[in-house]
Amino acid sequence: MPTVARRPKTSVRTPLRKTFYRILETSAGHRRGWSQVFNGLLITIISLNSVAIVLHTVPELNQRYEQVFYDFELFSVTFFTLEYLLRVWVCVENDRYSHPVWGRVRYLFSTAAIIDFLAIFPFYFTLFATDLAIVRILRLFRIFRLFRVTRYSHAFKVIRNAVEDKKEELILSLVFVLFMLIIVSSLMYYVEHSAQPDKFSSIPATMWWGISAMTTVGYGDMHPITPLGKVLGGLAAILGIGLFALPTGILVSGFTEQIRTQKAPTKHRCPHCGKEY
Amino acid sequence: MPTVARRPKTSVRTPLRKTFYRILETSAGHRRGWSQVFNGLLITIISLNSVAIVLHTVPELNQRYEQVFYDFELFSVTFFTLEYLLRVWVCVENDRYSHPVWGRVRYLFSTAAIIDFLAIFPFYFTLFATDLAIVRILRLFRIFRLFRVTRYSHAFKVIRNAVEDKKEELILSLVFVLFMLIIVSSLMYYVEHSAQPDKFSSIPATMWWGISAMTTVGYGDMHPITPLGKVLGGLAAILGIGLFALPTGILVSGFTEQIRTQKAPTKHRCPHCGKEY
Amino acid sequence: MPTVARRPKTSVRTPLRKTFYRILETSAGHRRGWSQVFNGLLITIISLNSVAIVLHTVPELNQRYEQVFYDFELFSVTFFTLEYLLRVWVCVENDRYSHPVWGRVRYLFSTAAIIDFLAIFPFYFTLFATDLAIVRILRLFRIFRLFRVTRYSHAFKVIRNAVEDKKEELILSLVFVLFMLIIVSSLMYYVEHSAQPDKFSSIPATMWWGISAMTTVGYGDMHPITPLGKVLGGLAAILGIGLFALPTGILVSGFTEQIRTQKAPTKHRCPHCGKEY
Amino acid sequence: MPTVARRPKTSVRTPLRKTFYRILETSAGHRRGWSQVFNGLLITIISLNSVAIVLHTVPELNQRYEQVFYDFELFSVTFFTLEYLLRVWVCVENDRYSHPVWGRVRYLFSTAAIIDFLAIFPFYFTLFATDLAIVRILRLFRIFRLFRVTRYSHAFKVIRNAVEDKKEELILSLVFVLFMLIIVSSLMYYVEHSAQPDKFSSIPATMWWGISAMTTVGYGDMHPITPLGKVLGGLAAILGIGLFALPTGILVSGFTEQIRTQKAPTKHRCPHCGKEY
């Protein structure tokens, strides 16, 4: 019974790491029990962080609740740091990072781990930085915390699948959008430049008008004033909007297809004979 | 024959209450006869009330037809009060509120009854209130009369079913919209804040730009002026509009599906036994 | 052979009237030969009239080509008058207007004949009118000539069928649009009125903002400036745009269905056994 | 063996021309090997040209990198000229232009060859032109280089097929758009002209408002201010947007159908004989 004897021995360390791995990586387990609790906790803390990042920039709130913001920041960084270290410890359970040293190094340079790193470590540098400008820039990195939610939320898995499914269409339609934008903006530049040299100062400047017009946003800060420019702007609006709506239409249809696939197992059962088909 | 003897006795009161219940609650009866007439009358009075609420705020009309507005208000409140009392009387016919005392209390605290209450009772308080500011606030509650139409109109049943059917998709897509809004507004705040500290004063303030840009409304009161801000605004317009169009697209498809289901009885034929179901 | 004898007699007048009837009413004949030629001629003249109506309002063109505009007007009115009289003469060929006197009177009061009348007869009144203001108002009636094109163009038959097909959906969705508009505008009025009493002066005035915001036009002449107004405006944009897009989505789907029905006879033929199914 | 003897002789010249033909005309070969390499190179150079055309108009960049822009221009024109001459040489391999003289002349006047010509030859005229104004106009022709990409890129083949497939619908819906634009703009002109004679100066001027409103761009430079004008503008927004969205909706559905056709081979099974086809 040496195998039996060995088992309890390994059960001292491995199962704990495996348990943590299953809790942290929701895709590994079945999203039940602690794994689900941890996932919910993580999304909650990330959501609260996004609220804090947003409200932090309101001068009145920032002055009044400075201590609250700082305490929450401290708590978040502590939580995210512990989570980061835990993830580095357990990542070797994943077959892709199974080597105790090189596997962990490879994990550290994975997209997910880099986002996690950028979301927390700048905080530590701000503790030692004396230059306020650098501190301010480092604080911007907190926005990476928001991107973390894209990995653990169900909603983002759906949209990621939809984008991957419609990848080809999206790329094709973005090519049209870019082509249309350059053509229309170039023509508008040549037409309007002499009439409004300040606003339509160059083709890149005119592209700002082009995007605002063909996405139908229409800020109104730039618009053609010459008759020819208005005719061109009108044609661009009617013809160009169709092309600019392509990516939107594709994304909407991809998304609804994803949801339909998840909902319906596409099996029907006859109520008379009871057979599936 | 004691049961026969008891029947005529109860028929003195119950059938009247039952009749009123059937007239008032269109979902209980078959929307025929008096029930349909009452339903039409109710929608007409609510519609006239919404017209009155809207026109009441035009100073010229308010001064000229003050008496007409007041008389109509008096008539509406009387009608709605009688209807409210009738509903409280007959609600015990509904199995959910069958207890003569506690059933009625529970009915009083149902969403429908609270809306009905808020739509009329503030009027009575304005009779005794001496402070004009309070009277003005109490008058705002008349807007609840408009929400009453959502319960008795066929059109709103269709949209409610569509929303319930597409609940999951709508929630998922609203999560994207919120995420996109926060990310884009945060980035835009950091880019534009130093150039336009008055307009892009904080992330919540920038979110007003974000909503106006990505819903393609484009009021034009806020727009990026720095080159980096314009590039970011352009990317946000092209990429973000797709996500912001998701809830709209889902609602449209949910609505058309509802209509199709109502029109076509969707008969299926089993390929094994050939029977329809 | 009295019947044979009678035939040539009636053939002197009736066939000519019948021929004209077939030429004028494209739905009666098979849109071939003279009927098609006349239809094309009519659409051309109506299109040229619409060009003239549009260019007539440009001061420079009006002064320079006054004679051309007048001659074309004279030609158009002559052509339309002759056509109108011919239509009155031949209308008795239609079973609905078969009585020589009362049938013609009934035809004169049909929608089509009234539009035709309003498109030409005001011109004759301008010849005798001495008051310039009346002449100007009478000239506006020329716009009815544009509406005539809706009867003779294939394109408008398709859209009319699409609207009739989706009648119920369109009415339902317009009810939502109206409801949403009133609710959002009322709330916005109460929120913004004190901050911008000039712009958000009454609920009808605020509805102009509501339409401009929820159709995503966004003129920028009115927009909320209070924080609460911006939150409400943002919610209205995200939630309301979906409802405002309903009529558009319904019309687009109705139109594409119409085209599909016309194109495909929905019969398929198996290339192996040659049977249709 | 005279045929064998003749073959090597012709192989000296013809196969070379044929090889070049296959490389240049990607639709002739199978888009493999050199043909694919050349196609990629062409798209790259055209893309770089479009970047150069766009950035060339930014004064700072133009001054700083004047030499780079000029060198790249020289390289592009040389490349495109060589390619143009090669195409004229090899075009006789195409059955449509097989005659050595008249075939080539006919090729020179094909749309593709004219675009190619306009994209390069103006450069040679600028070398001899002394008048700067003419040089500037001739430079505009460089924009034709962008249109060349539409012939060699896969993305544009998809959109061209989509447009051809939905040709009828697109024309019909553009007729509605034009009709709606004229009607709404004419009415708005008569309503708003007296209140804002500067902005709503003529119907063509009002059409600029009409396009901006019904495409939902909403620049905000023109908007009705009279109550009647606002009511008309509101109705136009709600009713007109549906028609203006038709071309966009048709293009989106045509595009997605094209992609679906390319992906799925659309197998059908006959219900009578059960065979696929």
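To keep things simple, chains are lettered A, B, C and D as they appear, and every chain counts its residues starting from 1.
By our rule, a contact is a pair of C-beta atoms (placed from the backbone, for glycine too) under 8 Å apart; a residue touches a chain by one contact, two chains touch by 3 or more.
Everything numeric here is computed off the predicted structure, so don't read it as measured data.
Comparing contact pairs by residue number, the interface of A-B is reproduced by A-D among A-D, A-C or B-D, since over half of the pairs coincide.
For the pair chain B and chain C, the fraction of shared interface numbers is less than half, so the two copies use mostly different residues to meet. The pair with more inter-chain C-beta contacts, choosing from C-D and B-D, is C-D. Centroid to centroid, with C-alpha atoms defining each point, chain C and chain D lie 33 Å apart.
Measuring from the averaged C-alpha position of chain B to that of chain C gives a distance of 34 Å. Averaged C-alpha coordinates give centres for chain B and chain D that are 48 Å from one another.
Touching of two or more other chains is recorded for residues 204, 207, 216-220, 250 of chain C. If you check the complex, the residues on chain B that touch chain A are 168-169, 171-173, 175-176, 179, 182-183, 185-187, 189-190, 201-204, 207, 213, 216-218, 220, 223, 227, 230, 233-234, 237-239, 241-243, 245-246, 249-250, 253, 268, 270-273, 275, 277.
Contacts from chain D toward chain A in the complex involve residues 50, 53-59, 140, 143, 146-147, 149-150, 153-156, 158-159, 174, 177, 204, 207-208, 211-212, 215-221, 244, 247-248, 250-252, 255-256, 259. Taken together, the chain D residues at the contact with chain B in this complex read 216-220.
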